[in-house]
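Next up, some structures in structure tokens.
In the two assemblies presented below, chain A is common to both, partnered first by chain B and then by chain C.
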Partner chain A sequence: MNILRFLFWKAVLLLIVLVGVTTLMFFLTRATGDPAVLMSPPEASDAVIEATRQRLGLDRPLLVQFWETLVNTFTLDWGSSYALGSEVRPLVMDRLVPSLSLVVPALVLAAALAGVIGTYAALHQADVRGRFLMGAAFVLDGIPYFLIALVLVLVLAIQMGVLPATGGDGGVALVIPIAVLTIQGFATLSRLTRGQLIDSLSQGPVTMAKSKGLPARTVLFQHAVPLALPPLIAYLGILFSFMIGSLLILESMLNYPGLGQLLVRAVNQRDFPIVQAAVIVIAVLITLVNIVMDTIVRVLDPRLRTKVS
Partner chain B sequence: MNNDHNQPPAEAGKAHMPSVVTEGDPWGSVPTVAGIEPQNAGEAIPRKAPGRLREILRKAWGNPSGRVGFVLLGLLVLAAVFAPLIAPHDPVVQTLAATNEAPVWLGGESGYLLGADSLGRDVLSRVLHGLRLSLLVGIVAATVSALLGLTLGILAGWYEDTLGKVLMRLADIQFAVPFVAVGIALTAALGPGLGPVLVILSVWGWTTYARTIANSVAQVKRADFVTAARTLGAGTGRIMVKHVAPSVLAPVVVLWSTSAGVLILAESGLSLLGLGVQAPGFSLGSMLSDGQVALRLSWWAVLFPGTALLLIVLAFNMIGDALRDAFNPSSSLAPKNPELV
Partner chain C sequence: MASTLTPTPSPGRVAHRVPPAVSLEDVTVTLPRASGDLQILHGVSFKVPAGSVVALAGESGSGKSTAALSLMRLLPWGAEVGGRIMAGDRDVAAMSKEELRLFRSKEARIILQDPWSSLHPMKSVGSQLIESARASDPALSKAQARELAVETMKRVHIPDPKSRLKAYPHEMSGGQLQRVLIAMALVARPTLLVCDEPTTALDVSTQAQILELLRELNREMGLTIVIATHDLDVIAGLADRLVVMYAGRVVEEGPTAQVMANPQHPYTWALLATAPKHNRGERMLTIEGRPPALDALPPGCSFAERCEFTTARCLETRPELVLVDEPSRHRTACLRVQADQSVSEEVR
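Up next, the complex of A and B:
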């Protein structure tokens, strides 16, 4: 299967996700609340609510409305916020960059740290240092990320006073959330890196390279690492979605103005257009990142390019 | 339904990798499960539980870290069950004089072993009682999603070309939406509370199970003992329940243990946002939410429930790792259940 066909099917996947998530969100929100009531002030009379309903076309058949929502999702016309009255799209899009500026550095840092630590642990798997590192990673892996956040706030902000506890300007606000996401990500990733590398060190091409008498460094970087790498890259896509999930909670805890904080606020105000748009944006983001990772893996790994039966 | 190229790392690097990627199913971005390999053609048909299950449990118990996990979990469950007997105080009684009182070993004067929170409630008693709801939610949600996943996985494997394909696309869609996002969105619709959280935790987790067992089921469907059962007049439903389900029970149990910890954390996360259990009920997660605001004055009200959560997750992770090793000795360390969280 060539790369174009691969990408075509990935695009279809994206389409399915988009339609699926829109459908899910539409029926979830419609099943449980009447938008016309939610949009009107609490003291509004029935006539006012009815007028709102007609103005927004909410009196039409549900399927007509569903079709319209679907079309609007694709034409990027996401309606306006119940609570704020302003358009949803800029509200959501403005939050995207702040959130990504937490996840992307965290992902890069986690990958770099995990690469070093995982490789070290794989090469020293039998001795104390390697075992200690993996034991530490195992425990770190079990610590809930929000607990890490609270401990960091306690130590760095409250005890030592080097960082503001919540919010803060510019770069300072990024430190704690990035640290939390990095710690959470690298613990799992370094355990995986170690496992992958140990596996690949015993595989044919690598033992061949060793028996040819190539220097250890060459064997590791030219033969073992390329074998171990593709699944790890694919895992970065999964890690990305983990991190987004954690971020949704972290942002509210740390009062960081990202997508997660917007979503939680919108939920508390039952502001469905924002909830809907935020969830769709998150789903598209996760799918896109995973498609990119899969594509990289596919380009890197020659075994995936040919059909083997 | 073949597996796609995006296998979880623990499997993907294995020697059988090329065979996994063949048919070029370009679909799902979701890997199957962590470290549990779907039985591939050519491998022996899985042996039937409960024999296999018992063997796996015994092996996991023989593994030192597995044993530590079982003992730790056992202690936590005992503490939760007997919380009303061992808790030194009433967990909801507020003692004004003891507000933010430090633990007794840090100079607290009211004699609270782990201090008191910002409303003057005994932290130790609350941790013991909070364990109950947290463990209960995790175990119930993990069990419900395991049963759901088992059912859908069997159906997906049995009807691999029709229902199986539909279910796998549904799993793709679910993979794109993190657990927490759905949880948050659902509470927008239903209002906050333990109910909505429990529903979403139970419903969202089926995909991992289904993906893992669907292949084995498709395999078992063609096994001789199934043909034999059919020849003897057994109906499809009976075959699924009596013959297929037992043969895929072992991976389901392994997955159950890895997902319980993740689910408990998910509940805590949502409770932390105030979207989960509502006062006067409380779980370890909502204790963190309460304690967070007074972090400066009483860190013990956050750190101890947090430590309890850490112990739960470690216990489940240790058990999960040990079970996975017992189930599949060749698998290296695998990631957490990728479709949860």
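Up next, the complex of A and C:
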């Protein structure tokens, strides 16, 4: 039925995002400085700089370069890194998995924790326990994630010595960044969950469910929670993009070999092909996740599925 | 087919088939507000005899909906209720959670004001009806509950009920939704039906059909009905007794015909005079002024400010409900009427 139509338009959206981000990145990066100058030694003559420029293909007309970049985006071929000389695609793709193995578990953990704690706080909105939990979430929500990261490193790595401060092999390296992202995500999400649930608990359908003499559990999980859910799921998509954004600083801070660290380095070195590729991969990822969330919301809520006459 | 809907006792349900008389005795309700507590009901008392239809009439803010909701303990979170609310010989306020759940699922059902916001938007009409039927009678299988749902939808005149089962609330019209709400209550085979403004959201012809339906249910199934409404036309043909409320108090109460033919309280009189049906052909009348704010009720009669007959005493003394007619238990709370009575007693 019209779920196909829905997905078709989301695909069109993805296309627009791709072209838009490519265009934006192309012109923005070129406004920040000349890689040929940066990559040449300080004492290099103009001839050397010019040779570098030619080697990188930066001497060609801007529009030619732009067209090439656009084509490259759609063929997933971003050429070679200016700084490293190696091909960009494997470079970026190798960093994707480590980054996702931070964000995906953090998102799942944050959603699960927020679901439990937000629901508990909504049901105990007036008593000490509920208020304490929300107070704690409020405070956590106000602390910047990089500060949380510093505190965790200080406590877990430096004082207790149970984890390495930076890097580390395999799973150990994941613990601190995942914890930081989870704390950051869960704080906002649990407050949102509580608010949504309190709101839906006072809505007509829930009063109706109570008036039918349904057990409290059924009223909560089958009537109130579904009403509260759609905005929360949509927010998960936004949270995903927040988390990806946090990776730029977090990965650099913790020396974690992910997309964020790669991107920050590439920006510092004016390594345009890598910046271009990393940003596009991130944009596509965020768009895809949001499409998935939108689709889930649509499947959940029949009002979005039928056209209202 | 209709036999399944008539209140013939079936095994296991016998205990609940006797409709309870419902009564409110000096009920007060206070709701928490950001600006401090607000008392909505100030000692409301009335009786609903089993098998009768009692209407609670009044403007918005009179407390009629609060009184109706309090019968089923459905007041918003944080509400403080005083006085006694009785269903048969049971105190509704004293019921345990489980007793209350069973009371709501099997005996007393409510039709809420706004059909659009009462049904669950994410569940099909059929699943909500089936859930309602099985809440009342857990022994029903899904198939039996579905059958009962279809029969009940027929009973409330929903065309093509089988195909409507799959519909979602947003795909139906207001009149249909209100019927679904009524069906939702009826699948439980309740003995008491509380209706909070059941026709306010509907157009006039749909209103008439819904009222006709309620009348049928009362006559054919012996359903006790409490109906809160601001529309006197709703009450005229339906209610056995009329309870007129103003600013959280009962100002007049008695048999509908008698109250309408011979209203004792100036507010009832004004309410009747402003109802479109009762002054045909004339310009529409309105009651001057507005009800007092509930957090700033005057010390005397709450209606004094808008009343044509106000005297100095009305501003100071709050009138109590007194009998004006013994056999019909017609009561009113007006100093003027009470003065007349004492005069006539002196004459006697």
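Miscellaneous remarks
The rule is short, and it goes like this: the second predicted complex is superposed on the first by the 276 of 309 C-alpha atoms of A that agree within 3 Å, B and C clash if a C-alpha of one lies under 4 Å from a C-alpha of the other, contacts with A are read in each partner's own complex, and residues count from 1 in each chain.
Please note the rule applied: a residue touches a chain if its C-beta (ideal position, glycine included) is under 8 Å from a C-beta of that chain, and two chains touch if they have at least 3 such contacts.
In this text, all values refer to a predicted model and were calculated from it rather than measured experimentally.
In the three-chain model built by superposing on chain A, chain B and chain C fit together without any clash. Of the two partner chains, chain B and chain C are each touched by A:203.
Once the two complexes are overlaid on the shared chain, A:142 sits against chain B while remaining clear of chain C. When the shared chain is aligned, chain C comes close enough to touch A:300, but chain B does not.
In the superposed pair of complexes, A:87 makes contact with neither chain B nor chain C.
Shared-chain residue A:286: touches chain B; no touch with chain C. Look at A:234: by the touch rule set out above, it reaches chain B but stays clear of chain C.
In the superposition on chain A, A:50 contacts neither chain B nor chain C. In the superposed three-chain model, the partner touching more residues of chain A is B, compared with the other of chain B and chain C.
Legend: residue contacts after superposition of the two complexes on their common chain; A:212 is shown touching chain C, with no touch to chain B.
Shared-chain residue A:223: touches chain C; no touch with chain B. Rounded in steps of 10, the angle chain B-chain A-chain C defined by Cα centres in the superposition reads 70°. In the composite built from the two structures, the nearest CA pair linking chain B and chain C is 7 Å apart.
Once the two complexes are overlaid on chain A, the chain A residues touched by chain B in the first and by chain C in the second are 203, 227, 303, 308. Across the interface of their complex, chain A is touched by residues 72, 74, 76-78, 97, 100-106, 109-110, 112, 114, 117-124, 131-132, 135-136, 168, 170-171, 184, 188 of chain C. Residues 1, 5-6, 8-10, 13, 16-17, 20-21, 24-25, 28-29, 31-33, 138-139, 141-144, 146-147, 150-151, 153-154, 158, 165, 188, 191-192, 194-196, 198-200, 203, 227-228, 230-232, 234-235, 237-238, 241-242, 244-246, 248-249, 252-253, 263-264, 266-267, 270, 272, 275, 278-279, 282-284, 286-287, 290-291, 294, 297-298, 303-304, 307-309 of chain A touch chain B in their complex. Only residues 5-15, 17-19, 21-22, 24, 26-29, 31, 169-170, 172-173, 175-182, 184-190, 261, 265, 268-270, 272-273, 275, 288, 292, 295-296, 299, 302-303, 306, 309-310, 313-314, 317, 332-336, 338, 341 of chain B touch chain A when the two sit together in their complex.
Those residues of chain A that touch chain C in the complex are listed here as 126, 201-205, 207-216, 223, 226-227, 300-303, 306, 308.
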